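Next come two complexes built around chain A: one with chain B, the other with chain C.
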Partner chain A sequence: MTAKRIFGILAHRLAILGYLVFALFPLYWLVKVSVTPNKLLYSEGVRLWPSRMSLEHFAFVLKHSDFPIFFKNSLIVSGSTAIIVTVFASTAGYALSRFNFRGKYWIVALMLLTQMFPLVMLVAPIFKILSPLGLTNSLTGLVIVYTAFNVPFATFLMQSFFDGIPKDLEEAAMIDGATQFVAFRQIILPLTLPGIAATLGFVFTAAWSELLFSLMLISGNQAATFPVGLLSFVSKFSVDFGQMMAAGVMALVPACLFFLLIQRYLVQGLTAGAVKG
Partner chain B sequence: MALHAGGPDTYQGGHHGDRRPFRQRLADASAPYLYSAPALILIVTVMLVPLILGISYAFRDIQLLNPFSGGFIGLEHFKTLSQDQNFYRAFRNTLWWTGASVSLQFVFGLILALLLDKPFWGRAIVQALVFLPWAVPSFLAGLNWAWLFNPVVGPLPHWLFAMGIMAEPTNILSDPQLAMWGPIIANVWWGIPFFAITLLAALQAIPRDLYEAASIDGAGPVRRFLSITLPFLAPTIAITVLLRTVWVSNFADLIIVMTNGGPADRTQIVASYIFTQAFKRLDFGYASAIALVLLGLLIVYSMLIVVLRQWLLNKD
Partner chain C sequence: MASIDISNIQKSYGIMPVLQGIDLEIQDGEFVVLVGPSGCGKSTLLRMIAGLEHVTDGEIRIDGRRVNELAPKDRDIAMVFQSYALYPHMSVAKNMSYSLRLRKVASDKIATIIAGAATKLGLGPLMERRPKALSGGQRQRVAMGRAIVREPKAFLFDEPLSNLDARLREQMRAEIKKLHKDLGATSIYVTHDQIEAMTLADRIVAMHGGSIQQVGRPLDLYDRPANLFVAGFIGSPGMNFFEGRVSVVGERSSLTLADGIVLPLPAATALQSGERATLGIRPEHVVLEPAAAGDIRARIDLIEPTGFGMILHLTLGTVSFKAFTLNRAYLQAGGDIGVRFPAEHSHLFDKDGQALNRP
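After this line comes the complex of A and B, so read on.
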């Protein structure tokens, strides 16, 4: 091993370390402040770890704030969105993957169009449509909106998973007398289970993070999702940094769990929804 | 005839199964539409209809709190818009925000992809950890970085002060000259994984023996990068950068969370300006007019890309 090679390896590892620090430091700081007791927060300034840890902020947030409600609302909204989107996207994705039909081009074009225009355009008209239906300030309204926003991308994602399964399987089943829908449900869907899990994960994360429409459509605390609740908490109690960050850690946990679930499928997901975050 | 029901022919989509009864053929032809109907109905009612409605709002006076509004006013909003200095500033800010964010995300994403392309001990764990920011909800990423820049709880101002970069530990988010850097840095942190993931996938698709052959022919690492890696990555780079540009230019979450467009509108981009008009001032008509202009600009941008692509294809 020459000195030059050793230097190369060293530089490589140092660069990786740099990226790791940059990626993780903000999250580390979030956790650190959330476990720092209020007294030490100001006296110890920028110390990397407090001399004493406490979970008082978490206890306060869980017992004396509305965050458990926000958390539950977000869980309901993101969970139902993920399930409904996955059902709709798997049938639509199956159609795009297995059939050649006249409208296919137009369906794909429509779905691509929805990925290209700025969603912020829809903030006002969607509010105007949902308001007389009583769907503003309601979790159902949010689920409907999020479902529609995520269906196109999830359809392309499911299509890519179906494309990976050989057609012979359904053909064999249909020769044995099954209808195509039965073949789809009993043979193809079980084979795409990992893909379905990935789609659930992607949609859950997207719905969990959505901010603008929940700000626009939700006003009271009862139907507030986590982002809305956290932002109103921040503007009201902007000095309780420990509590805000404890709430932030709570918002982070489900996102990280679902990230682990979909980690293996990131590439497929990002290319299917190329324009999606 | 009933024997045919559900037989293997049904799979063909019904074009040459002419001996089957009409009802069967109809069922087969409609099958793909039935499979995609739920998704399509939802997209049309929740996205396409509001889109068209939103375009019509641009020519109407629609203010949520004013019950007498709602009439058609023609191009009135666009006249106001052409005089609106805030809009022009938001447009310049959008260019700066998008340009700086996308180019930094791309450069750092590419370097990260190249680093991760080499095998080393613990690569799987490192990869999961450096991609983690992508999973952080955007509102939380924004708040988190706003806190890091806050001298009360965040370390960054103190470090910058200690290094002599800042004269005193202040919050850059309240400094009109520097405020835009806050959301840009948060956006770079959040967006590096996207580029790294897609570029890493493209890198791993390059046949390894090409590099071996090039080494045998005496090509150094720089030459190998320029002659093999870059040409192979070029299509992925072009597509991700172009699509990401559109996406980032519309991405207002970080700005709304971190600065809300302030101080003195220095961080307002067109997307956040639209949201502010609709959300704070409840002026849906004017918000829709700006949105329509933004849509027009994005269409022009996409057309330029298509033309550029054609031109590049014809040149070869």
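After this line comes the complex of A and C, so read on.
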């Protein structure tokens, strides 16, 4: 191995390391602050790890704040949004991938159009629409809004996964005796699991961390989601960093669990071996 | 098993016509090969019989019953795809039994049928594997197994051997032929490979530009091609063509090529002097003689030894053509050689490319 080659490998690894440190440092800081006792938070100066660890912030957040409610609300909103969007997106994506129908071009164009507006512009009209329907200050309202915003992109995502599955497979199934729907359910859908997992994950995290609409549409703690709830740790005169970070760490758990569950599908190339030799 | 009748089938995509008035009757148990270059509409025709393409006009009958409006699943046909189209998330056994499970066949009966097919195709030890763990030839066998377990009315093959290497293709070709002999099932086989067509078919349907050029037994197409297209498409290396003007003097007629070379024509021809015509001769029918004795002299440009014989690339005036010979002696690139086109093997085509009947 030449020196030039070794240098190349070294530079490559260092670049990756540098990127990882850069990307993960905020996460590390979140954990670090969440386990730092209040007393040491300001007294120790800037240290990479506190001299004494404590879980007091976690205990406080769980027992004395509304965090469990926020957490539950977020779980309901994100989970429902993810499932509903994925159902819509997979059926719509399949239709766009496999069928030719009148107006297809315009539907795609309109779906793209919805992605062009900054969401801030839409807050006021959406509030005006939802308010008379009694959907402000309600989790259902949030689910509807999130679903509406996520379906177009998720549909394109799913369409690209369906495009990647050879049409021969469902034709073979149809000749074997399946209807188009049965072929979709028994042959195509199982092969799209990686795509479905990716879509679920994408929509779940998008809804989980959405702040703008939940802030505008929800008032009071009963229907607040977790990002809004985090703001309750900011009071007029101080910010409870320890508790805020502890809540943040706990809020990461479902997202991590979720990705742990679906990562198998994300990396697995299920279609390998489907066609050709 | 069933007969398949195709009458006046038309297919167009928008204003683009793909098939124009196809008529074809396929007998019960017959092995018919649709052959032609890419884009000739052969796959489209097959997919229309399968129900995967909408029929623009005309009628398809399977076993006497009109199927134009039937879904693929209700036509009771099986199809082997070029890509095999095995279900990647199912084992070999599940792949083969899928159609039976959809038809709610009892599971013990399925087991018997699958075991029988597995033995027939030599798939026994592979039944629990997924498609991705199989070689190309094995996948091909599974695809055929999936087709035969159902005992359908007809088998459709869409270029099933195109993805295999040459040796395996030869082997599978023989297996398909044997399978057809065993099952006696009506089969329609699409290929662009004329060797496959020649070896497999009871009858060949040669297609070009969305219409049928000739239907007949393999050797009929080889010996008596109906037009220039079939003559050039069937046979490898392909037939040589010499284009020129006919001149008739008394009983003798000849063809004068663009550069003045005169080739004798079979004695009795219906052509008049001055008409344009094309003389066709297969490379294996060109008679080669030592340069001095030949009535026509050609230059040897290139020699391709195939082991079995040799393919000679020759030039006559400005026209290039090929000859095939089993004789390895006295041939050298760059040299001259005498060539003769025996009348009994010459094909004559009129100015529209239609074959003129030989006496």
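As a working rule, the second predicted complex is superposed on the first by the 229 of 277 C-alpha atoms of A that agree within 3 Å, B and C clash if a C-alpha of one lies under 4 Å from a C-alpha of the other, contacts with A are read in each partner's own complex, and residues count from 1 in each chain.
The criterion applied here is as follows: a residue touches a chain if its C-beta (ideal position, glycine included) is under 8 Å from a C-beta of that chain, and two chains touch if they have at least 3 such contacts.
All values derive from a computational prediction rather than experimental measurement.
When the two structures are aligned on the shared chain, A:Pro190 is found in touch with chain C, with no touch to chain B. In the superposition on chain A, A:Leu231 contacts chain B only, with no contact to chain C.
Contacts of A:Leu212 after superposition: chain B is touched, whereas chain C is not reached.
Judged by the number of chain A residues each one touches, B leads among chain B and chain C. Of the two partner chains, chain C is the only one touched by A:Leu169; chain B is not. In the superposed pair of complexes, A:Ala178 makes contact with chain B and with chain C alike. In the superposition on chain A, the residues of chain A touched by chain B in one structure and by chain C in the other are 171, 174-175, 177-179, 270-271, 274-277. The part of chain A that touches chain C in the complex is made up of residues 166, 168-169, 171-179, 182, 187, 190-191, 270-277.
On the chain A side of its complex with chain B, the touching residues are 12-13, 15-16, 19-20, 22-24, 26-27, 29-30, 33, 41-42, 45-46, 87-89, 91-92, 94-96, 98-101, 103-104, 107, 110-111, 114, 116-129, 144-145, 147-149, 151-152, 155, 170-171, 174-175, 177-180, 205, 208-209, 211-212, 215-216, 226-227, 230-231, 234, 241, 244-245, 248, 251-252, 255-256, 258-260, 263, 266-267, 270-271, 274-277. Across the complex, chain C meets chain A through its residues 50-52, 71-73, 77-79, 81-89, 98-99, 102-103, 130-137, 139, 146, 150, 163-164. Contacts from chain B toward chain A in the complex involve residues 6-8, 10-11, 13, 29, 31-33, 35-36, 38-40, 42-51, 53-54, 57, 62, 64, 111-112, 115-116, 118, 120, 126, 128-141, 143-145, 147-148, 152-155, 158-159, 189, 192, 194, 197-198, 200-201, 239-240, 243-244, 246-247, 250-253, 256-257, 271, 274-275, 278-279, 284, 287-288, 291-292, 294-295, 298, 302.
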